[in-house]
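Below you'll find a set of structures to go through.
Both of the next two complexes hold chain A, though its partner changes from chain B to chain C.
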Partner chain A sequence: MSKEIILHIEGLRTEFQTERGVVQAVNDVSFDLHQGETLGIVGESGCGKSVTNFSILKLVQYPPGRITDGQVLYNEKNLLECSDEEIRTIRGKHIAMIFQDPLTSLNPVIKVWVQIAEALRLHQGMSKKEAKAKAIELLKLIGIPDAEQRADNYPHQFSGGMRQRVMIAMALSCNPDVLIADEPTTALDVTIQAQILEIIKNLSHGRKTSVIMITHDLGVVAEMCDAVCVMYAGRIVERASVDELFYDPKHPYSIGLLNSIPRINQDSDERLHSISGAPPDLIDLPHGCPFRPRCTQAMDICAQKSPPEFSIGGNELRTVACWLHEKEHSHG
Partner chain B sequence: MEKPRILKNGIAVTGLVIILFYIIMIIVSVFWLPFDSSAMDVKHVLESPSFKTGHLFGTDEFGRDVLSRIMKGSSVSLIISISATAFGALIGILMGIWAGFLGGRWDNFIMRIADIMFSFPSLLLAIFIMAVLGENTYNVIIAVGIVYIPQFARISRGAIISLKSNEFVRAARSNGAGDSYILFRHLLPNSMPPIIVQISLSLSVAILLESSLSFLGLGIQPPEPSWGNMLSGARKVMMIAPWTAIYPGLAIVTLVLGFNLLGDGLRDVLDPRLRNVR
Partner chain C sequence: MGRYVAKRLLSLIPVLFGVSLIIFFLVRMIPGTALEMYMGTQVEATPEQMEELTRLFGEDKPVFILYTEWLGDIVQGDFGCSLRTGRPVLPDIMARLPLSMELTFFSLFLALVIGVPLGIASSLHQNTFGDFLSRVTGLLGLSLPQFWLAALMVMAFSGFRGWIPMGNYVSLFEDPVRNLKMLFLPSLSIGIGFAAVVMRYTRNSMLEVLQQDYIRTAKAKGLKQRSVIYTHALKNAILPVITVTGFNVGYLLGGAIVVEEVFALPGMGRLSLYAIYQRDYPIIQAIVMIIATIFVVVNLITDIIYALADPRIRLDDTAR
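Here is the complex of A and B:
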């Protein structure tokens, strides 16, 4: 791929101080987001997907959270070193977020249009009238009927799906370069999910917005993404294009994930496949590869050393962090 | 859109009517009183209420007209209660919301001060402040206001703390909002219902506090009439001339009731989550 890199994340580490000890929520995560690309980040709950993305915008709450290392380069600027004021000019304007739960992510006592126009007023100093007109326009764009009247509603007068659309409108109001969607469809039912994904897809393609799509739903990945990073215990264990991941997964965890998807033609008395064991305790990670205790193909070396990311066939966009694939790694 | 909703609420309207009645009374009292409120009349001491003499609420132990004194005293009571509440609420809310929002040491510092102030019974604290500041109307405002600061600080801090972990705060941050924007645009409006209830309660309690202070001789000084010092004067003659105590007492009760009703109604009206219920 020769596309321009818009967001470069390298060696990101985020920790949380808890009473029991330090939680390594994000452990040396690096990835690039290319112009116009939709990148999926998949993994189970608590694997650090959301924290990674909160870290990009320095939205990790301190205390207890702290970004200890790494850099996030956007337009050659390291966002992690920005002052509060500098990063505020980036948030919402250049990099925007859609949150997981539309029910709690909107302020219940503020009218819908005011919330959509928030970023516009903060960044572009629009007058009230202009901002309202723009907000109504955005409401129409995301398919809210009677946008003029609905703009004056409060969030509780909207359904879950409509609120998530409002969140999308908020995020896209300033035409950001990067849109981070943190499980945008988890709180919605399946039919609404499809609509929401469609809206995100259309709007981001139309505006050449790059999207980071955080999800635990592989169906969403297949539908939306160009490339995927699979995360496990705060690390990226495999990165691949969507086709590569679905047709040729390399990491035992990715294989397990894909096998866990129920098939429509599966025998009804057959048990669903699952990865045995539970995700590791992030305070006390097992020595070596964090996936080892659950891995069916664990070897001696897995207990001793944590595997680095091996690139497969010399393609740096196709890597897997597993000792099984050490030999496929070539330095060509 | 705002007005019809509050007018639909019977409780709020009742409270509003009572308060309006007193406001009209104050305006009238500026231009006209049935009798001079401080003119003594030895020939008509402790006269019972009657139309014939024109003393509708009777006269007190100096022959002063009780109605005129209640009217004159209403402005004192209302002005003190409103300004003391405003004073206490402004400082208390500002302290409380920053304490709640910033947390940590600042929070600890402010709330410990509030705890210390809380540990005094409010009337005792007010008496103490009056004794330090000296007796005059402005000091009553300050004394009652200071009593209110910890109450408002605690209520607004609690509201902000429970609100600040909401996802919409993070959403606002991701939009590029700063601390004070989030605090004043997102969190404060959400914490209004408990604060408004507290304001209405405080308005009524301020009237009681002011009356108590005046009753004890620490508030408004005679001959300037206030409901509290009228009761204080009536104490000695209450058995033979009950009207000297009943009417100022009734004035206090109804105005306090008015503020309480208004506050209750306002809470229902202002909370959008309770809108369209029913």
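Here is the complex of A and C:
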């Protein structure tokens, strides 16, 4: 399981300057994306999933946002230290993104094929004509009927699912090494969701693209991912393979998340639990463990010191940021 | 589209009918009739002479009959003759209309050429000193009356006769360069206030558009800042600017009529003022009818341009 690391994120911190104070949206986040892997990032709304991934490509808008610390290594290069010029040659070509809401993420006044062709012309030096032909080919590939005619349409003439397909065509047009999909199905109907996930899965596997799949839906994780990071209040609280997370979750928050989804083999007298309480205010993070106010197992130490990430059984890919698991952590 | 244009042009009929009704009775409500203005205060006339003159002026019938006769005439394209000179009204107006229209569109052009780039620059350097400066200047430009600016410019530039020709007017077709040079200052004084409006609209609209998700998508593709701004942002940000421009063509035309007087240009301004002073009813009526037509047509053109710029708008929709 020692696959090549394609993206190495370490100590990432991103904050927003607001009228109320500084929002610590991403707070010391580290993870690796391995070659060919699909890595899930799960967590409640507002826990910093999107901001983490915008930070990777320096897409956080300043002001109010600012990346204050950390590094993002891609091909041994720290993207956070790249010039604007350099990062533009990475964006869309080597690392591409699909966004949460396909309606607002496509430009309403530009034809669909033009929006797909832009990256092709820029990164692959295609002529307008070649790029249009390629855009139509991509539209066919992702299952848009009458692609030739539809290419000349504008985004509002497409349904939600179709728009997200267009986003996928756009993102995969230049065969990126890494695809970051930010809740690609959240805004869609359940039936369409499955189709979109299927397309992402097939295309990324076929092209050996590594995927970061952001979601708050554990079903998507089970369906798509090899490994998972669970985020809470701007931090990663647990890191595991999908099987480990589903069969042996360690962090009280992960356990809570898993208990809140229905399972087919669930005993009928077992109730569904949602985690009580609300996520903390990222401006005034409580001292110690950020999950403490909602944690049923909180101890004295939890109020005093924020738990570091303990690796379980010496496995670097299996970590938990919780004092309960300090003893399972073996140094070395 | 053709059907839409036809429908809109058809709507001209009720508009013009309403305008004709209002203007016909309104001009006759201005104190002092055409005849009284003609006679002045020096001349004494017998009642018989007055009656004769009234008939000559064509004002001897009840006003309602006069209106229907006039309406009947203009439907056939006959706008009547000047009460003073006896010459047909339409050729005189048509000789002056092009200058006023040119001034209007030149000032519109200048306002856009000044306002849009400044608005973009201002939005990109939000809250810097440059942004602050252009916003304050914009506010100033907005609050200065056009005729005052015009007078100021006449004074300021009267020393540069070689540079800006002030002498006899030549039309665009006779000598385009001289014509544009002549109309530059008048157009600037008409358009500068509107340039401030355009700047503010462009700035605010750009600021809003730059926050949109699709701008992030464009950046995520690796596009250069220039393409992100001019292709992705401006195409959306310009939409409200189109609307406000359409609304303001009338304001600019009004400005042209006033400023012509200051620069002694032979446009509709001089003619309108003369006609109002002299109560030359046929001229006033004809000018107002023509301006009303221009308004409706400009609105139609604005809507068409908007629909071309925003594919989400369909002109044939019943909703509009």
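Following the convention adopted for this analysis, the second predicted complex is superposed on the first by the 321 of 332 C-alpha atoms of A that agree within 3 Å, B and C clash if a C-alpha of one lies under 4 Å from a C-alpha of the other, contacts with A are read in each partner's own complex, and residues count from 1 in each chain.
Basically, a contact is a pair of C-beta atoms (placed from the backbone, for glycine too) under 8 Å apart; a residue touches a chain by one contact, two chains touch by 3 or more.
The shown structure was predicted, so the numbers you read here are calculated from the model rather than taken from an experiment.
Enquirer: On chain A, do chain B and chain C fit together or clash when superposed?
Expert: Superposition check on chain A flags a clash between chain B and chain C.
Enquirer: Kindly classify A:108 by the partners it touches after superposition: chain B alone (first), chain C alone (second), both, or neither?
Expert: both
Enquirer: Regarding the shared-chain residue A:216, is it in contact with chain B (first), chain C (second), both, or neither?
Expert: After superposition on chain A, A:216 lies in contact with neither partner.
Enquirer: One more residue to check, A:8. First (chain B), second (chain C), both or neither?
Expert: Touch status of A:8: no partner.
Enquirer: Of the two partner chains, chain B (first) and chain C (second), which one does A:201 touch, if any: first, second, both, or neither?
Expert: So A:201 meets neither chain B nor chain C here.
Enquirer: Take the contacts of chain A with chain B and those with chain C, and give the residues found in both.
Expert: Dual-contact residues (chain A): 54, 57, 59, 84, 88-93, 96-97, 99, 101, 104-110, 118-119, 122-123, 154, 156, 167, 170.
Enquirer: Which of the residues in chain B end up touching chain A in this complex?
Expert: 166-168, 170-178, 181, 185-186, 189-190, 192, 272-273, 275
Enquirer: Mind listing the chain C positions that touch chain A in their complex?
Expert: 211-214, 216-225, 227, 231-232, 235-236, 239, 309-312
Enquirer: In the complex, go through chain A and note every residue touching chain C.
Expert: Listed in rising order, the residues are 54, 57, 59, 61, 84, 88-93, 96-97, 99, 101, 104-110, 118-119, 122-123, 154, 156, 167, 170.
Enquirer: Provide the residue numbers of chain A that touch chain B in the complex, in ascending order.
Expert: 54, 57, 59, 84-85, 88-93, 96-97, 99-101, 104-110, 118-119, 122-123, 154, 156, 167, 170
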